[in-house]
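Shared chain: subunit A. Partners: subunit B in the first complex, subunit C in the second.
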Partner chain A sequence: MSTQSTLDDTSTAAGDGDAPGRPRRRRRSPGTPHASGTVGGLVAKLVLMAVVNAFGVFAILAAWNEESYGILAAMVALLVAADWVYFSRRTLPLKYVLPGLAFLLVFQVYVVAYTGWVAFTNYGDGHNSTKEHAIEALLVQNERRVEGSATYPITVLERDGELGFAVVDEDGDVRVGTAEEPLAPVDGATLDGGTVTAVPGAELLDRRQVLERQDEVTTLRVPFSDDPEDGSIRTQDARTGYVSTSTLEHDAEADTMTDVTTGTVYSPSDDGWFVSPDGERLNVGWRVAVGFDNFSTAFGDSRYAGPFLKILAWTFAFAILSVVTTFLLGLFLAITFNDTRLGGRRIYRTLLIFPYAIPGFLAALLWSGMLNRSYGFVNQVLLGGADVPWLTDPWLAKLSVLLVNLWLGFPYMFLICTGALQSLPGDVMEAAKVDGAGRWRTWRSVTLPLLLVATTPLLISSFAFNFNNFTLIYMLTNGGPRFADASVPLGHTDILISMVYSVSGLDGTAAKNYGLASALSIVIFAIVATISAITFKRTKQFEEIS
Partner chain B sequence: MATTSAAPRVRPSAARTGQPRMAPGRWFSELGWRHLVGVLAVVFAMFPIVYVVSAALSEGGTLTGSNRLFGEVSGSNFSALGDSMFWTWLGNTLQIAIATGVGTVLMGAAAAYAFSRFRFRGRRAGLTALLVIQMFPQMLAFVAIFLLLIGLGNVMPVLGLNSKLALIAVYLGGALGVNTFLMYGFFNTVPRELDEAAKLDGATHAQIYWTIILRLVTPILAVVALLSFISTFGEFIIARLVLQSERNWTVAVGLYGWVSSLLEANWGLFAAGAVISAVPVLLLFLFLQKYIVGGLTAGSVKG
Partner chain C sequence: MRRSIPAVAATLGLALTLAACSGGGADTPEATTSATAGGGGGSGDLVVWVDETRQAAVEEAASAFEEENDVRVEVVLKNFEDIRADFLAQVPTGEGPDITVGAHDWLGELTQNGVVAPIELGDRSGDFEQVAVEAFTQDGQVYGLPYAIENIALIRNTALAPAAPATWDEAVAAGQAAGTPYPVLIQTGTEGDPYTYYPLQTSFGAPVFAQNEDGSYSPELAMGGEPGHAFAQWLQAQGQAGVLKTDVTYDIAVEAFKNGESPFIIGGPWMLEQFEGLDLSIDPIPSAGGQPAQPFVGVQGFYVSAQSENALLANDFLVNFIATDEAQLALYEAGNRPPALTSAAETASEDPITAGFAAVGADAVPMPSIPEMGSVWAFWGVTEANILSGAAEPVAAWDKMVADIQGAMGS
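Right after this comes the complex of A and B.
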């Protein structure tokens, strides 16, 4: 590196490892190997860094506006790192690693860490945000019109594409607000006999427009001020606005909510709800750390523990059986076609690879139709009109999943077994023959062990893949048939990852429970990590790091 | 890599010379059963594919109507695709998969170059960290990815939910973890003497990278790009969560929607869509089979 120090400026120039520098590099000028490339590279680098900086600054400002301080901090850190790496002379390796590293940190490392955090909270429906947001939402949701409260003459208007109200208050001043922005005084509004006739920067809606947008107008809620306890203005007739205030009151000091109509006091509980002394709770809660509750729910709660253990067992059975069946069939076929005298081997091989080249989701969807009980090809044609419940009987569904996975997976095993068989050392086989070993003996004591040594790492990664083979399960059976006794939407062919998906509620079939879903993800992480650790020990992949 | 590509090939003519002299019984025990097994295996492998092609070409679009193989041949299902969002989905899928493939290759190769050619503090730790990180499939963290994109979307809608760019960014997050090792091993097989000679001639590290190294490792770049393309093409769980409006869906999300809702009526449409979307992947696969299989094996088996 030291010989290069004089060139460092030029070497950093194109070192940013991005596409636009590339075509310029192709230009060859044998006399001066780096002169032309350097200028082009420098320009490319400066342009790229300008784009990166512009985007970074934009993102930082946007995050500042939205008060997302976490994103703000991350963006600042990334931007500073990028500028430092690409403009410093001492960060050569990082120039090549940084682009990938940035994505890796945000979308892989961070999300895994975040999963770990969510697993220890009750994040989900009812506990979607912070306590401040929960209080605000409660106050807004419980707003009622106060009997005998003040009414104001209002005018409906549209400002920046949003509906709002112009209100004439007690002093005769005009105040304007929208759903997002609380009422605030405006200057320059014209009044005509107590009604607003013009507001600068906004367009007043006439009678017809109001009628057209009646639903929007009657549901519009304009906060009175920044403080949710001041209530809001609503209207029924688009002419008079009345003040609604919340029937709940938040006492910041005691941190309790009081229902002013009944006098009930709700105090915060450890699990993120406001609860009254007789156990009634308000319907919006907030996120709190719940320790190992999610894990104990998975293993102990009767609603989840039963299905969870069954699903765990089936996940292992599915992954192991998938590997074993595909491997055995693939190996058998590889041996079958490993005879050089056999004609048409190439045709056989090409045709056998077809299932592997079909994207997995297509294959699973295709089979789900073919295995349909009443109309599917398998029942109707292959079995001559039989009525086999391939996907709706618990055991047959499991068998079907394994069969389809066999169809999908055997070509891969066939390919790697063929490769391994062909690369077996000839001298060892020769030696076995010389020692008088028969075909079977050679096969069992020489071929098979060598084959297994070569393929074990692939078998283990195939296991890890099938352990999380979400697409197959979701598309073929969607986890079904359902457990008869479970209150949660889980079924006999669900594997852990599809259970996580159901529990998370992101598909809309169940209440969202991010906490429990993340806890289950962590369990899968632990299992997969253990298996991978064993793989590494076996393949000694670490030895390659030198 | 070498494991499969270096397969010994016996010329077919040499292989066939022994055949005619065999007695029929011996022929069957030596070779005939292999053909029998081969035919059975090919039938098992191919009948779903034959079926889907037939269903795509059938006149009606129902599941029952598709059961008579090639009962009638018509292009009605294919032309009906034009009235659906299918072509939009296919376009989205190709955009996402190609962008991810290219990005993965660029970032993975750059990182592999750094780890293979430079000696720096934290290199070992970095490689070990990558090895550990690649154990965690990104897909498992889909809840956190969803929540992260909600947050990002508040700040920059272009990186939030329902954005193809956001989905590509998520996929690129997995670029280093999975592929760097595959590439790193291959980069190490390129003799260092080459770069040292170039360095003596005054080439910068960037010139060495772009003009020497990258050309020598083209096979592994092709493999990584292909594997990335194919896995992105079929990715479902994250695409389903991120892309919410129908216009932004990928083929996997869209076809799933067809089959899961109103299975009966949409079957012909699905079959036609399946045939079309399988063709590019299938062609890539058949033409580049040797590289793909070699690449798969190179990951774990030392050749």
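Right after this comes the complex of A and C.
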């Protein structure tokens, strides 16, 4: 799709010369063919659209095969849209934005919408899947082998179009049964070394046929006798059979589970469990919508509310301070190295970019080793064997996080400030000089405002990035040191996104709660979006003034 | 926002390609064929998730299975740390594997979420070490095919300490007499390591959960009260004496032992590869509180997905091809963990080191596999570390930990 849009640009550019240096825009009369530029362009476009269509049809067929109707509908819609946009004459702007829009839908909008949906469910441990799956799992888990029963060598067969088992019983007699007919002795069956080789009136299935129908074979239950109390024969490998009984039964009409041994009836509850009248619940639950419960837990539950506010405050402090410190240091260095009198500027500049070249997660991991209290390089070598608890004291840990982020982040700011400084218009500077402004005055009133116009969007994006700077926190402190007064596993350097990670339980140290984690993600999204929107708006006013 | 459209499209196109690559990147090279050949269900490929230490052994067993059944077994390499969460998330979508490797303590979570199917071992269950089958049993049903048993023990460098210590104080005294920088090494870290500290905790009579008569755990915390306080105070004393430190991470501990900086380290068979050249003896963990020091036993095994379309193949593969001496010994050689199949374990125990770990394991307790165990780790380790480092008062911190775990279990 990428190449297609690029090529489309060039093919339409001929009829739509916006680029500088070309003659003024010529209005196309409605009658002219669309790709009026070149024949080559038209051919290239047709070829590319053929590829896109082939790919789209393939994806649609694949989705149909997999019975993924959501993906199928989305692919059909996208393909129709693509063909309409690129073969219609009235959709010029869409020709440019469609590829981007399509990817935005797939990668952003879908993910955000899915997270939003999960935030209103109780997805997590115990509520991992659908109700059908939960019922299936409960039935499977409560089907028990009859205690003390024997193991039977079995053979799978087909009789009158129905699958059945041929079983060799304790006396060496062959008994055959299907799902409808209980096991009964048959005459005339032949045996070879304990396995059945032929049964009159029935066809034995060979290994390949068994594998082709393995779903039917594993779900087949052949009653052991006329008495249902005796249980039924089942197999898991089509070689041996076991007698088993179910202790739990599902009543599809009433939608209840019944414990056959005690007679207790479990009915589905609003929060996704089967619950008995006296409050006892079955092991496996399912996902249900819970409304705003997750949000009220984040803000209202006393176990989460306190840490949440502290972490929110620290997240803001961390993001703002990170942007300010890295920007100031980067700006200072950029101004210093922008001075032509300084010798060897290129070497210094290259060296300064060095921290930027190391992957962030690696650098954070290295720093966590260097800041180790007893063995770290900083305490042992730089501070001569001092015992500074860099990462284990609440305030020092926060300082360490900020310092490491400063080390990681200033080269970026240095780069963009250097670029912005070098592109400042020379005439404005000269005008300031002519007007008799001093160096400081020029810098305050001309350089800095112009610089800020260029860099503010980048500062906002840097803020958004640091607001969600999971890698640094996870690798450097993992959120620690822990809050001493909180009852949830969260710490002094946790930011919102690392809090989301520990709440979601993905690291295995806590029960999973994807619902709550998604709700917190939505809160983060709202905060970052609001702040970005406000600041972008203010930047616009700023730009208009200058 | 201001980047040109072609650039955005190109970046996104690249992202799509990368996503497509990473989707198949974890798979074996043949994985691409399954995308075209799979599809309609029925007898497709048998998909098995393994981590890198068991890959070769499983592939070997798989090739024998492929020949006999004329099916393809696709062995997918995954990070062991990712398997648990990925299995839970992917099985309900139908995209999960048929079989995955796993640890027995996941069992509670896997059954609670309905993603594993029981395995009927039948008469074969007698061929396994009893503790291994018990570990995979919940409520009378077996859910996994065990292949290895692992536990920690006291690893002793015989050049530095000629005799096995009977108590913790003897071990510390022997360590100090050896004149090495550390009397005893235990990996700790700032977040603690309750798994490695557990034998010392049980020696005070403070097990994590109460055990029923049949050995299964009930979700009732048992580590509070007097015994727990005694352990907490002992931790504080060790920290103050400088015997145990939170700065000692796994890497630091292993490195120090390798360099002969301590006669003792508490650890498992997975460390042995790094200690080549040292003359080692595997001893029971010395008791600190007077009662027997029982470490956790972990059992490794294979689970069958509840949504597997190849349930028959999967069970056949496990019961008839993995529960064999050859496969179990191949897995043993790959990971150094004693096999769960009794006959294979006997062969492996010809090695004195393996026999040493197995002897300690015989008196150990299975790690609880009830879902409530998931709520314990996050509080347990950090509390121990804080008491050790002196950041917290032992009794108060221990009581708060117990209350917090209760709170997390109740929610």
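A few points about this structure:
Keep this in mind: the second predicted complex is superposed on the first by the 319 of 546 C-alpha atoms of A that agree within 3 Å, B and C clash if a C-alpha of one lies under 4 Å from a C-alpha of the other, contacts with A are read in each partner's own complex, and residues count from 1 in each chain.
Everything below uses one rule, namely that contacts are C-beta pairs under 8 Å (C-beta built on N, C-alpha and C of every residue); 3 or more make two chains touch, one makes a residue touch a chain.
Nothing here was measured: the structure is a model prediction, and the numbers come from that model.
Applying the stated contact rule after C-alpha superposition, one finds that A:T151 touches subunit C and leaves subunit B untouched.
By the touch criterion stated above, A:N372 is placed in contact with subunit B and with subunit C alike. Judged by the touch definition given at the top, the superposed model places A:Y69 against neither subunit B nor subunit C. By the document's definition of touching, of the two partners only subunit B reaches A:L362; subunit C does not. In the superposed pair of complexes, A:Q422 makes contact with subunit B only, with no contact to subunit C. In the overlay built on the shared chain, the residue A:P99 is in contact with subunit B and with subunit C. Residue contacts after overlaying the shared chain place A:S129 against subunit C, while subunit B stays out of touching range. When both complexes are overlaid on chain A, the residue A:A510 reaches subunit C alone and has no touch with subunit B. With both structures placed on the common chain, the touch criterion links A:W84 to neither subunit B nor subunit C.
Comparing subunit B with subunit C, more residues of subunit A are touched by B. Across the two superposed structures, the residue set of subunit A contacted by subunit B and also by subunit C is 3, 66, 96-97, 99-100, 103, 107, 372, 375, 457, 478, 506. Put simply, subunit B touches subunit A in their complex at residues 2-4, 6-8, 10, 12, 15-16, 18-19, 30-31, 33-35, 37-38, 41-42, 44-46, 48-49, 51-52, 62-64, 66-67, 69, 102, 106-108, 110-111, 113-115, 118, 120, 123-124, 126-128, 131, 133, 135-148, 151-152, 154-156, 169-170, 172-177, 180-181, 184-185, 199, 201-207, 209-211, 230, 233-234, 236-237, 240-241, 252, 255-256, 259-260, 263-264, 267, 270-271, 274, 277-278, 281-282, 285-286, 289, 293, 296-297, 299-301, 303.
Within the complex formed with subunit C, the subunit A residues making contact are 1-3, 5-6, 9, 65-66, 96-97, 99-100, 103, 107, 125-126, 128-130, 133-134, 136-138, 140-141, 143-145, 151, 207-208, 210-212, 214-215, 217-218, 235-240, 242, 283-284, 303, 372-375, 391-392, 457, 478, 480-482, 484, 487-489, 502, 505-506, 508-512.
For subunit C in complex with subunit A, the touching residues are 1-2, 5-6, 8-10, 12-16, 39-43, 69-71, 81, 84-85, 88, 91-92, 109, 111-115, 117-120, 122-123, 139-141, 190-191, 245-247, 249, 252, 306-307, 309-313, 315-316, 319-320, 371, 374-375, 377-379, 382, 386, 389, 391-392, 400, 403-404, 407-408, 411.
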